[in-house]
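Just below sit the structures, each encoded as structure tokens.
Okay, so chain A shows up in both of these, paired with chain B first and chain C after.
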Partner chain A sequence: MKGYSGRFLKVDLTSGSTGFYEPTHDHYRNFIGGAGLAARIFLENGDFEADALAPESLLIFSLGPFAGLHLSGSSRFSAAARSPLTGHWADSSCGGNFAPELRYAGFDGIIVSGAADYPSLLVIKDLSVKIESCQELWGQGIESTTSILKHRFGQSFKTLAIGPAGENLVKFACIMNDGHSAFGRTGLGAVMGSKKLKAIVLKASKKTFYVHDPENCKRLVSDLNNRARESVTLGVMRENGTASNLEGGVHLGDVPIRNFTSNFWEEMAEALTGSTLSEKYLIRRANCAFCNVACKRVVQIDDGPFALSKGPGPEYETIAAFGSLLGSMDLAATCKAGRVCNDLGLDTISCGSTIAWAIEAFEKGDLGLSDTAGLKFKWGDMRTIIENLIPLIALRKGKLGRLLAEGSVSAAKRTGGDSNSYTVHAKGLEAPMHDPRGGGHGLALTYAISHRGACHVFSPMLFMEMGACYYPEIGFDLELDPMSSDNKPEAAVVAVTLGALENSACMCQFADREITIPEWVELFNYVAGMNWDIEDMMKTGRRIFYLQRLINHRFGIGAKDDVVSRRLLAPATDGAPEGIEINFAEMKRRFYELMDLDSISGSPSLQVIMDHDLAIEKSRVMGDLF
Partner chain B sequence: MEFWKDETEPIKAFLALFENAKKDPELSEGLKKVNQLIWFDYTEDGPNCSFHVDCRNGDIKAEVGKPEEQPDLTMSLSADDAHRSWSNKLNPVMAITRKKIRVKGSATGLLKLAPKLKRVASIYGNTLREMGWEGKIIA
Partner chain C sequence: MRVYVQPVGLLKDHFEAAVVELKSNSTIQDLIHAFDLPKELKAIGLVDRKRQMEDYNLKEGDVVTLVCLTLGG
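Then we have the complex of A and B:
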């Protein structure tokens, strides 16, 4: 099948063996790649009984069909596994430059199973693969690991590595590509750490791969790249990064403040927004492979308590998670915190959220000085957070480090009292830095129904509610009011379908905003020869959404789990959304009705299973079709 | 046009809006931060239906027509949609996505103004009242 290599690299770290795994033609066609194909591969090869950190668990890296194209936004890929943070099925997405290199090397992904006895390094050069010992790298931060590997193998080798957090099985550890791009969410760095896999290095000799219709593909890619280059919204992103509209977000009530207790803080808005970052600390802009948007930042801070050498700068999520969420408007501190988290290998969203929970717990007396090793927590005390708390979490140091390394939900369970009431999550995954009360009521719904938990890139709902999506070809021409629950279930049906397509094609949600629905179909057809029409494509997106729900059902997730924390639904007490209620129960009821989901199990009906050609998959998950 | 008799009316209203905005300390500061030469192009409703605002170098000047210099930003839309926009009844992101507003140049400065659209709408309402055009105010 053109557009794909047709093989995954299979690595068993227990036996030290490697080989190839070839998904069937139907698996590629029905589940595309990325998150969708990873779910299907898990269904075929995974062990539902295995703990997330057991050797039997699988860690799957999976490319979309467009990786390797010189197309803006196409250089992302997925990692998937049972999440150690949430206990159920999860995937995460990463940009950077690893995905095209893996495609050029001749693979559509990597399936890692087992666990090595010693710290290991996977070295891939085209189709040649070696597992090497790397005891000397264990304990090293991401920056030095990346630097040592590049020095040893060559600058052109691409790297994927975990930091001390992954080695110490911190439940929200991330995996970093070349020290700047992250598989941030759901703790997949801990899965890699449990397998004693410190890093993967990769190089392809040739930089080519074959597509189904080269001529039309070249024309379409050129058109889309030109559009990305000329786009006003993407131009703003290029100029001031993903935090370019943070100031506007504060005025909408979208940006969380002090653990989601407030929706408005005017002075903070200008202090943390993307243009301020550009004016004060930006050295240059950076991009994922072949992307014209260049939303990544390279920053340097010359002096002050958070002075920082030239290197990767924070994206919006990090700025908010280590800024407003922690009651700070110190932009330099957000840069420093982001860099420290990256080096230790921590997801900045879950880390910031867990610390926000801890500060509130300390404030309310649920955590005392005996729990915090004498540290006093207060909002905005970024020195304590950066110098003490973040390293202590990554190293699981002391009682406090061990508590917070489990994530906020688990920490609240262990702490007891009323501390669960101020965790902010869905299905155990801490919420990203978009508050549904101001950012859009539909976000509350999509956080809740997301298989991986509260995640803003599970679907494009955030963009749909802000007005950045217009898809008349599939009937989505709704003018949504973010602060109303009206029409959100209908929008969510489109959102989860497009989200499944985006996360399986592994396209960037910023760059692909400029691609129309017919062009999406053309891309699939020209690259992979899918021969789809619009309905074929949309059905495939829905099929992937349903498959992910089936897998989660087997992990014990049901309709009762499709919820968000109470705090996200309590009417805001200030800012633009003050006093407005989210009609969550009705949105969920209607969405279930529209998607034909069972109100108890949350699983798709038999009719849906048959309509979406998922009978084999359902039988595999449930043991039988009925 | 739904709201205007001829192409001169919207320009009169919008220039008056900017005169009043200059007197508002918060908006005036906000406009200065935009620091761009912007051409508001409504020429789809008539060849003279446009104005420009120069808010570079700490000053704010609004004048009829296209600027002599190359604008940093051009916003092309209908005079009716401009009226909706200044009345805060048109989601600018949605309007750009649906091509009701065509933007050329850097929109970064405009993002600084977006949070102040409610305030602009309030001043615009007062401006229309002063001009005896209460009937044009969108409820």
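Then we have the complex of A and C:
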């Protein structure tokens, strides 16, 4: 099938063997790639009984069909596994430069199983693959690991690596590409660490990529790149990064403050927003491979307590997670915290959220000085957070490090008292930095129904509620009121479908806002020869959404788990959303009705299974249908 | 009718805080049109810090915060 290499690299770290795995034509066609195809591969090859950190677990890296195109937004890819943080099916998305290189090398992904006896390095040069010992890298941060690998293999090699957090099986450890892009969410760095796989290095000698219809593909890619270059909204992202809307978000009540206890802090808004970062610390802008948007930041802080050498700067989620969420408006501190987390290999969202929970627990007396090794936690005390707390979590140091390394939900369970009431998550995944009470009630619904837990890139609902995108070709042209639950279930049906497509095609949710629905269909047809119309494509998106739910059903997830923390549903006490209630139960009921999901199991009905050609998949999960 | 308008975030690049004269019964949409923003920038109105839809009827003396969200996050 054009647009694909037709093979995944298979690596068994227990035996040290490597080989190829070839998904069927139908698997590519029905599940696309990225998160969708990874789920299908897990269904075929995974062990549902295996603990997330057991050797039997699979860690799957999976490209979309567009990786390798010189198209803005196309250089992302997915990693997927049973999450050690949540215990159920999870995937995460990463930009950077690894995905196109892997496609050029001749692979659509990598399936890692088993566990090595010693720290290992996977070296890929085109189709040649070696597993090497790398004891000397174990314990090294991401920066030095990346630097050593580039020095040893060459600057043109692309790297994926874990830091000490992944080695120490911190449940929200991330995987970093070339030290600047992350598979941040759901703790997949710990899965890699459990396999003793420190890093993957990769080089393709040719940069070729075959598509189904080269002429039309070239024209469409050129049109889309020009549009991305000229777009006013993407120009804003280029100018001030993903935090360009932070100030506006504060006024709308979208930006969480002090563990989601407040929705308005006027002076913080300007202090942390993207234009302030540009004015104060930006050295240059950076981009994922072939992207004209360049929303990444490179920063330098010359002096002060959080002085920082030139290097990767924070994105919006990190700025909010280590700024407003922790009661701080110190932008330099957010840059430093982000850099430290990157180096140690920690997801900044879950790390910031877990620390926010710990500060509240200390404030409320659920954690005492005997629990915190004598550290006093205070909102905005960034020095303690950066110098003490973050390293202690990554190294699982002491009782406090071991507690917080499990994530906020597990830490609350162990702590007891009322401490679960102020965790902020869905399905055990800490919520990202968009508060549904101000950011949009539909977000509460999509956080809840997301297979991986509270995630803002599971679907484009955030942008739909902002009014940043409309899809008239599929009947979505509503102006949504973010602070109302009206029309949100209907919008969520569109959002989860498009989200499944985006995360399986592995397109960037910023860059692809400029792509219309008919152009999406054309991309699939020109690149991979799908020969789809709009309904074929939308049905594929829904199929992937349903498959992910089937897998989660097997992991014990049901309708009761499609919820968000109480705190996200309690009426806000200040700011734009003050006093407004989210009608969550009705949104969920209606969404279930529209998607034909069982009200107990949360699984798709038999009719849906048949309509979406998922009979084989359902039988693999639940046994025979009849 | 006069209202006080305050731009937030991206909109600061397009206009400054000002008192704006409008016809009576003007809506937030009318106010936004008065600033002739690029069509890609969709402004959202808050009146006395509460979000209001575009057809909200403004009143004399209202304090209107205009916010524009593009993408992010």
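As a working rule, the second predicted complex is superposed on the first by the 625 of 626 C-alpha atoms of A that agree within 3 Å, B and C clash if a C-alpha of one lies under 4 Å from a C-alpha of the other, contacts with A are read in each partner's own complex, and residues count from 1 in each chain.
Operating definition for what follows: contacts are C-beta pairs under 8 Å (C-beta built on N, C-alpha and C of every residue); 3 or more make two chains touch, one makes a residue touch a chain.
This structure is a prediction, so every number in the text was calculated from the model and none was measured.
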*Have a look at chain B and chain C on chain A after the superposition and call it: clash or fit.*
clash
_chain A residues touched - chain C or chain B, whichever exceeds_ = C
*Where does A:E479 make contact in the superposed view: on chain B (first), on chain C (second), on both, or on neither?*
both
*asked:* Going by the contact rule set out at the top, does A:T516 touch chain B (first), chain C (second), both, or neither?
replied: neither
*Just chain B (first), just chain C (second), both, or neither: which does A:Y470 touch?*
first
*Classify the contacts of A:T233 with the two partner chains as first (chain B alone), second (chain C alone), both, or neither.*
both
*Identify the partner contact of A:G575: answer first if only chain B is touched, second if only chain C is, both if each is, neither if none is.*
second
*Examine A:G248 and indicate which partner it touches, taking first as chain B and second as chain C; both and neither are also allowed.*
both
_Quick check on the output: what are the common chain A residues between the chain B footprint and the chain C footprint?_
232-233, 236, 244-245, 247-248, 251, 269, 275, 466-468, 479
*Could you pull out which chain A residues touch chain B in their complex?*
232-233, 235-236, 239-240, 244-245, 247-248, 250-251, 269, 275, 466-470, 479
*Residue numbers on chain C that touch chain A, as the complex places them*: 8-11, 38, 40-42, 44, 46, 49-51, 53-54, 65, 67-73
*Residue ranges of chain A touching chain C (in the complex, touch as defined)*: 231-234, 236-237, 242-249, 251-252, 264, 269, 273-275, 316-317, 432-434, 456, 462-463, 466-468, 479, 481-483, 510, 513, 575-578
*For the complex, which residues does chain B have touching chain A?*
91, 93-98, 103-104, 106-108, 111-112, 114-115
